[in-house]
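Shared between the two complexes below is chain A, which pairs with chain B and chain C, respectively.
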Partner chain A sequence: MSQKIVIDPITRLEGHGKIDIFLNDQGDVEKAYFQVPELRGFEKFAEGRPAEDMPQITPRICGVCPMAHHMASTRALDDLYKVDPPASAKKIREMVYSAFMIEDHALHFYFLGGPDFVVGPTAPKAERNILGVLGKVGLEVGKKVIGMRKELRELIVLAAGKVIHPVFGLPGGVAKPLKKEDQEKFIEGADNAVEFAEFSLQVFNDIVLKNKEYVKAIVSDTYTHKTYYMGLVDKNNKVNFYSGDIRMVDPNGKEFAKFAPRDYLEHVAEHVEPWSYIKFPFLKKVGWKGFIEGADSGIFAVAPLARLNAADGLATPKAREACDQYFKTLGGRPVHHTLANHWARLIELLYAAERMQELANDPDIIDPQPRTIPVNIPQEGIGVVEAPRGTLFHHYKTDNRGVIKKANLIVATQNNAARIAMSVDKAAKGLIKKGKVNDGLLNMVEMAFRAYDPCHGCGTHSLPGQMPLILRIYDNHGVMKHEIRRE
Partner chain B sequence: MWVETRFLEETWFLRPKLLRRYGQTRLAAGYYGTGIMKTLLLGLGNDLITDDGAGIVAVQELREELKGLVDVDIEESSMSGMALLELFLDYDRAIILDAVHTNRHPPGSILEWSPEDLDRIISPSPHYAGLPEMLAVASELQLNFPEEIKIFGLEVVDPYTIGEGLSEVVREAIPALKQKVIEQLEKWRNEVA
Partner chain C sequence: MKYLGIDLKKPKIGVFDFTSCEGCELQLANKEETLIDFLSLVEVVNFREISSDQSDNYDIALVEGSISRRDEIDRLKKIRAKARVLVALGTCACFGGVNHLKNHFPLKEAVREVYGENSVDTGKVKRVGDIVEVDLEIPGCPVSKAEVEKIVVNIVTGAEIKFPKYPVCVECKQNLNTCVLDLEKICLGPITRAGCGAVCPAAKAGCLGCRGPAEDANYESLIRIMQEKGFSEFLIKEKLDFYNAFSGVVA
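This part shows the complex of A and B:
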């Protein structure tokens, strides 16, 4: 008889998630699954609507990363109308996007991922929470985090409208120019953000890197997978969140492919599993070989760890230095340790702050005409950005009036889904032995999951657009024995 | 009742009457001094997922109906947990409207909670860090946070299907939900008075 342990819902996770762990007769893990019970169907919902509405509709898909959807959608409209926005518009967009990346990464490090490392993986459950983090880093730091996020959100509002409903991206540019006085506020906010990011890296250094046990956990085999990595890069192959080409590196860190976003379908396909609603993207040219790692398996990863692996470094000085230290400490590129995502996230936080600083100081940013009016007939548009949680694709096909005929969205967590599934399974197998299961071990299984900062709010898009709740029970051969469906 | 309250800002000439109605102290403190008691009215949910948008629909309507009230700010959000924290800063009171799906009450029922009713111990929640955790953080950091928070949950039929618009029974309950908000605002005003 196999036993079943369910961690449901996964604590501190964005959206809803579920992990099922099956034990065999010996009490060892037969298989662990992560499940996405949420089904949304936004792609169908989009059909028949004007493409121009998409930058307003898609941020409402999920409350977690509205700005990433707004930006991917806006870039898809640029491509749809074949219009090149003026330099100033691109800079305003990237500056605002950088502010969003900073506040989102800060939220994850301190509030969601922080309890794992800042408080400690084996600390009692009652302490592994935000209050535990505050206890460890001090109340002043807590106030600093909240103050920083508030300042960034206010800046985003100045340039882009509400944080949850941004309205500034239009095909060909942005809705309004940036005022001189607002530019000054962005400069000040960016300066504060750089300081905040450096401080956060120092916190990580002091609390995590100086603790041998934590470092041992990061580099342990339990949390390691050798996969391909994906990320957007600029023309110098440096990380870029807002635009560029998609670069893939193989498990040895060698460039495997580099392509324009509009060619993504030549490189990425999606695999369907009977036990999950999520479609698992994989590298078409390598193929789907199951949930296995290595160069022969098409599974790839996105998000901070993957972005640093997929690029040749970062374009800003302080972040570049932090990135060099990261690779040096973790044994060179690529880094395959899932938990290193937390460190990589903070390095990206610093990069985003420095990039925001560069752009805020750019004289172009207050150009009074930040838009090129589109004149071409729409047909097909693809927009790709790096969301905090990884590469995000928006792909629309329209009629010649710009009404959506077909929409395809591949969201970050979906791109990471196969590797997340492997991480959960491997951590469960590595940590749970002979039926010995306790709270600390279960947390360490969940840590494998949380490092990706997964969000399932918009991870699934299948029809029929209804979210049934289904409980499936598998025997110790992975065969589904029962299904309970809530209509 | 709301007709009276919405004139607070717009019609100076009504103030003597309102002073009698709400009490001199409250209005003097609230509208002529610096000690204005600010209330956040927050609608939570996603208006693209049918009934999940009930709280959003209610605050959107109230935004029109309470237009002109200087002491109430109306916000809507599809976020949850700690991501909402900044919204509450510097308010004295807050009202939260949300769709709930307990399956224990007939659809259209309005449920009321105060933070004391919610578990202040951090618990695993689908929203990873809910209101109790947020309040605990605010208290720990001594943030300027609402001293009073009232939560009104509207039991809904279907918060899962993609689409715009509410179920009929939920739609019909929106006026009652709005009335709860009006009554709560009144109650707070009278308490101070």
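This part shows the complex of A and C:
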């Protein structure tokens, strides 16, 4: 049972997704292990670098969501230097961050996770990709998606310099003020984004929700786990991606804890398993009880499903309405169905678009001085944001010159790791019987973790149906019986 | 007509990633509006980011990332043996990039810090050029898609491939940006090869030199200016070291 899987500490990219499934005498699943390569080598080589470099170093962990690391890092620097950025800087940051969320969520729905539903979970592998999606929804939609993502990326460049590895976040604010004409472009982009988000929800409604089979799959026990949920909320307990307190709800949807990011170590601890290089975060006050669900187990989830569960709704009108419909359809809060992540992601897309619209129309956006210069001596800083894939923690300790002595990062996918592992195990147990394995079953197992959109560079940016993945099946003597590879 | 040993026809192109963030590949895949035109110029036989088709038959290999494991070395050598032109794509491939910062720590310590007593196969971070012969280097963190497209067009048409010899500073001045050094930030724009459009200084962030040394750079002068501005030796060295792009060029 102690099959060891080696994952390079620096590259995630050669680390394929790995699932090891162990069968018992009857050929049924004894246990399935899922591995996500982890990224934590960066924490070591940050040591000795000036903290001001962290918003440049950490995005290079991942070209998929560099903005999330850039923003968490920038917010950690605010805290490190105990500097409160002017309202204008916070608004610019959140507006740009919203544009990034829309872009990333759209990518996932149309290119990565969506094909499972839009094309169908049991459709041939060759069709479960963006081309299959376009075949189903039409080329015009494809043009719309491409056009929207292009416009958003251009807006991000305008404010943040670059999309991949942005350069605008500084302790106390942002590097560059926006001009009136920039603001107009943001307003136009946000208007388009709201329309795009509503349209995407309509696509989901027409193709997924009107199909009873799909709805059945979403609410099926195979894809359901009752766990705790984590998400950032604003002062009214509404979802916020950029700032706020961390709120946890229990498996019944009741508030379990609410705390400032700087207190996270009082609430979150990490569990080590001998078969994995990932440390599994869990709720300290509940404790690690193994890979089990329920209120007695400290396992929690992050990302869209979790965020909607952990908050009391959304702050913008259209998204609020969509969110109400979501909970009504799925039997009230909290929703424990992993596959509902896809729907929740689109609701968040609408929220991000509306939020971007609000901020773009704010007169503060063109403040010529969007920065407060830090004057305090640094010591320790914690920054938390909601990455598209869940809550992301950056924690730095420095000497009094601001040189990093210690860095700790808890990335979104890591926060979800325990629940993902349970999901894969449950799906494998539910689907693989008497040693029978085929491509359709493999996809159904994959669907269990794809819903989380694990930030697994190779995985998230390969088209579904061809996610680089190695699945190995071992018999009760630990002898490998099957190996399925998707390179 | 031949260029770099390639007939003037639709070349087969393969894109490969090693230790990196995949940002350079994404940069190529992301700009969908020119992707179709770009793809019509070449035949992509291996590009995991955008296609599942894989083939070992290619003329041009675009290689992203630095090299840090034994199996990566083997894989890179195989690619070199097959490719007629091997292009190091991006700062990690050309210089080691941010990954090389790992080399400042004893390897054992870095592994123990992350994985405790579990052993992992990892080595010193190397450039692609440290392992195999490289025909062309396209730097940038990430690469500029416009530049890569231009270069591929040049390969296809047999035109000469030229990089600007002058520094980022020239582009920045042409764009009428406020000088980042005047904003009291360290900027390597005066010594870094142009071609990026000075995107970082335009966003009021100092250049970190991801494109490597410009050909006629005056290092002594920049270092003197930075010293005069009161930046410590530690900070200047640290910036020069960021991507490992100036090692051996500046003391």
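Assume the second predicted complex is superposed on the first by the 434 of 487 C-alpha atoms of A that agree within 3 Å, B and C clash if a C-alpha of one lies under 4 Å from a C-alpha of the other, contacts with A are read in each partner's own complex, and residues count from 1 in each chain.
In this section, a contact is a pair of C-beta atoms (placed from the backbone, for glycine too) under 8 Å apart; a residue touches a chain by one contact, two chains touch by 3 or more.
The model shown is predicted, which means the values in this text are computed figures rather than measured ones.
*Asks:* Should A:F168 be classified as contacting the first partner (chain B), the second (chain C), both, or neither?
*Replies:* Touch status of A:F168: second partner only.
*Asks:* Touching A:I61 in the superposition: chain B (first), chain C (second), both, neither?
*Replies:* In the superposition, A:I61 contacts both chain B and chain C.
*Asks:* Quick one: classify A:L112 as touching chain B (first), chain C (second), both or neither.
*Replies:* So A:L112 only meets chain B here.
*Asks:* Per the contact definition in the header, classify A:N24: touching chain B only (first), chain C only (second), both, or neither.
*Replies:* Neither: A:N24 stays clear of chain B and chain C.
*Asks:* Given the touch rule stated above, what does A:N205 touch, chain B (first), chain C (second), both, or neither?
*Replies:* Once the two structures are laid over each other on A, A:N205 reaches no partner at all.
*Asks:* Tell me which partner A:P50 touches in the superposition: chain B (first), chain C (second), both or neither.
*Replies:* second
*Asks:* Contact-wise, after the overlay, does A:K150 reach chain B, chain C, both or neither (first, second, both, neither)?
*Replies:* The answer is both, since A:K150 touches chain B and chain C.
*Asks:* Once the shared chain is lined up, is A:T372 touching chain B (first), chain C (second), both, or neither of them?
*Replies:* A:T372 contacts neither chain B nor chain C.
*Asks:* Considering only the touch criterion stated at the top, classify A:A160 as touching first (chain B), second (chain C), both, or neither.
*Replies:* In the superposition, A:A160 touches chain C alone.
*Asks:* Shared contact residues on chain A for chain B and chain C?
*Replies:* 9-11, 13-14, 40-41, 44-45, 57, 60-64, 66, 129, 146, 149-150, 153, 164, 465-466, 468
*Asks:* Which of the residues in chain A come into contact with chain B in the complex?
*Replies:* 9-16, 39-42, 44-45, 57, 60-64, 66, 107, 111-112, 126, 129-131, 134, 139, 142-143, 146, 149-150, 153, 164, 465-468
*Asks:* Quick check on the complex: what are the chain C residues that touch chain A?
*Replies:* It comes out as residues 17-27, 29-33, 48-50, 52, 54, 65, 68-69, 71-72, 97-99, 101-102, 104-105, 109-111, 113-116, 118-122, 125, 141-142, 199-200, 202-205, 208, 235, 238, 242.
*Asks:* In the complex formed with chain A, which residues of chain B make contact?
*Replies:* It is residues 46-49, 76-80, 82-83, 85-86, 89, 121-122, 124-126, 128-129, 133, 136-137, 140-143, 160-163 of chain B that touch chain A.
*Asks:* Which residues of chain A touch chain C once you look at their complex with the stated criterion?
*Replies:* 4, 6-11, 13-14, 38, 40-41, 43-50, 53, 56-57, 59-64, 66, 129, 146, 149-150, 153, 157, 160-165, 167-168, 175-176, 272, 277, 457-458, 461-463, 465-466, 468, 487
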